[in-house]
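To start, the structure under review is shown below, and the notes come after it.
Letters A, B, C, D, E and F mark the chains in the order given here, with residues in each chain numbered from 1 onward.
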Amino acid sequence: MVYLTRHEHFNAAHKLYNPTWSEEKNVEVFGKCANGNWHGHNYELIVTIKGNIDPDTGFLMDVKVLSAILQEHVCEKLDHRNLNLDVDFMSGVLASTENLAIAIWKQIVPHLPKGVDLHCVKLYETPRICVEYFGN
Amino acid sequence: MVYLTRHEHFNAAHKLYNPTWSEEKNVEVFGKCANGNWHGHNYELIVTIKGNIDPDTGFLMDVKVLSAILQEHVCEKLDHRNLNLDVDFMSGVLASTENLAIAIWKQIVPHLPKGVDLHCVKLYETPRICVEYFGN
Amino acid sequence: MVYLTRHEHFNAAHKLYNPTWSEEKNVEVFGKCANGNWHGHNYELIVTIKGNIDPDTGFLMDVKVLSAILQEHVCEKLDHRNLNLDVDFMSGVLASTENLAIAIWKQIVPHLPKGVDLHCVKLYETPRICVEYFGN
Amino acid sequence: MVYLTRHEHFNAAHKLYNPTWSEEKNVEVFGKCANGNWHGHNYELIVTIKGNIDPDTGFLMDVKVLSAILQEHVCEKLDHRNLNLDVDFMSGVLASTENLAIAIWKQIVPHLPKGVDLHCVKLYETPRICVEYFGN
Amino acid sequence: MVYLTRHEHFNAAHKLYNPTWSEEKNVEVFGKCANGNWHGHNYELIVTIKGNIDPDTGFLMDVKVLSAILQEHVCEKLDHRNLNLDVDFMSGVLASTENLAIAIWKQIVPHLPKGVDLHCVKLYETPRICVEYFGN
Amino acid sequence: MVYLTRHEHFNAAHKLYNPTWSEEKNVEVFGKCANGNWHGHNYELIVTIKGNIDPDTGFLMDVKVLSAILQEHVCEKLDHRNLNLDVDFMSGVLASTENLAIAIWKQIVPHLPKGVDLHCVKLYETPRICVEYFGN
């Protein structure tokens, strides 16, 4: 079994905001991340899959195909968007990096070929903060 | 003469939008950067000053003082903000990286000590796009 | 379960030196790392915690709180210090990256909130050498 | 138990080509990676070993010794070479990153000292694509 | 006047070889870079243009247009190619990084819009070696 | 004319300390950088030379020769040393990054071949602080 990783990139706006709380509570908990006029990030997305090597190609999976899946089902839906307002699969979800990583996992799984398993979604919000999700 | 450089970081939301144009024209020119619900970036700010070394300290300027100036007059005004809505010194200015670099230059100059000149403001919008401004 | 990672940074001096050995043996084993006048590094500290997401915040843990713990209990005690002479929790310990990673683990664990577990302390001594410790 | 990681680097030419296929099939599957005149990469090799700390040195293993093993048995055989033509341990193997990572694993294992286990060979083909192999 | 920079990437094979010299002389001067079976690199291309800001867009030039020019006239001709055999604009030229940077400069200049000047072509052959060319 | 750049690396200990001042004054001005037991850094050294291309080699200068000069006359004298105590060419000089960059310039110039000029010594003390010196 080998693990293959592909890095992708998208830019998005968001805010951290719990709609069941008062404005004051949101600012108290989330600080400047709750800014009503939004802020944003260059997200770095690092996706790892695992499985066996196809002896005919030497590939676990063609990384160009993996990249195309990530572009179509993840990056095109997030890039230059507002995570709170524009993204169907984040609707009703607090736009934290933790929740976004899990939502991205769910976007990818249905599109991987048989015999290839998703191993990890790693998402950098800034160069010094990241979240990893392994599926459970 | 030596050159001293300090890297700082801020996250912000923005959109590219010319208010004298129609919505259609904005989308035609700026593409997804014109998204009405904003997008955002991790901006990397790289500021270079120049001058002579103080023989008592071996410093052109104490880099902690330079960092404090950049924090107070630039980063605190931009970090976790909306460049189009929240930033006094970007008011009425198209929020392009080019215009932002020039505006940051103007924010820094008045606060440098005598004998220290601002040499360059370099601003990365993404890891693959940056702008430099040298003051004229 | 998700994993959240925060990068921190500190600079320190050290030498590799076993006080039960002769000077010659130390130089033979540790080479220039045994230089009696010390050398130093920009250490990059990468700490990963794991646990469940709080549905009210979307957070495993507020990364600003994690960063504050790392600053108070690790970085402030190591930054601009001599690992062999100035650091209480490294007293009597050979100042290798391996031992430092384990000592940092012990510094962090008592300060994490309930329900959050320390997963990994990763410590870069140079950009090409790092150590990871997972707690056992 | 601790994990120690060392980064090494080599440059090589290769092509992706299955000799049992027609030229057309190779181009169809491998695209421009099948270019008959070769292309190449700056490979980044990241090797992680695991084991217990030697109390006399504070080391899992002297990282200079690990680096020397990687240089002698891996990098010197790959650097400035053609993976398809010049490398004995890749003879008859499709020169994919997956297969190269596994072949590198086999090159390293016999040379590690007792009590030190190879944990992971991670190989970046480009800054955005990597493969990991853990030995089974 | 502002400066705008765009990073692009391509992978290629090459060798350093002077056809007017003997094989022995080539190996003596170029060492393993003269390997007859080629080697290769992940080249990082960093192109800087300069000029005035268009007040309607806030842009020196739309960076997507700059990127498209670099893709069409530089990267598509170099990526996954052999610099010595496959590239028309390197024909008859020693495939050093210095010569490649100058050749890339000549490929870009005719395609820039009026009022935009090419300032610098910076080309990394490895993460630790680069060449810059400023046009004369 | 082209510019060729080579990155090198060294680790060293130092403190910032003006021996004509009191201990109090040193701490007041230099803060924790004045720690009597030293601290240290992974310095990143980036040296740029300029000149014309040799038509026989396509080189401004063989980068391996440049690297050997930097190793012999700079890095071997600084690596794993104490800048205040162990380095002849820093004797009597405040060990600031500014002064170190100028001292490194002087170490390199006498060893460059005819027709090759030193253009810039760039020295990173941390990933976010650097100094450049251009020779006057």
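Going forward, a residue touches a chain if its C-beta (ideal position, glycine included) is under 8 Å from a C-beta of that chain, and two chains touch if they have at least 3 such contacts.
On a predicted model such as this, the values are computed, not experimentally measured, just so you know.
Path length between chain C and chain F in the touching-chain graph (shortest route): 1.
For the pair chain A and chain E, chains touching both partners: B, D. If you match contact pairs by residue number, over half of those in A-B turn up again in just one of E-F, C-D or C-F, and that pair is C-F.
Fitting chain C to chain E on C-alpha positions gives a rotation angle of 180 degrees, to the nearest 5. Averaging C-alpha coordinates per chain places the centre of chain A 29 Å away from that of chain D. The distance from the centre of chain B to the centre of chain C, each centre being the mean of the chain's C-alpha atoms, comes to 34 Å.
Along chain B, residues 127 each make contact with two or more other chains. The list of touching chain pairs reads A-B, A-C, A-D, B-E, B-F, C-D, C-F, D-E, E-F. Residues of chain F touching chain C in their complex: 9, 11-14, 32-33, 35, 37-42, 79-82, 85-86, 126-127. The part of chain F that touches chain E in the complex is made up of residues 1-8, 48, 53, 56-60, 62-64.
Against chain B, the residues of chain F that register as touching in their complex are 16, 18, 21, 29-31, 93-99, 101-102, 127-134, 136.
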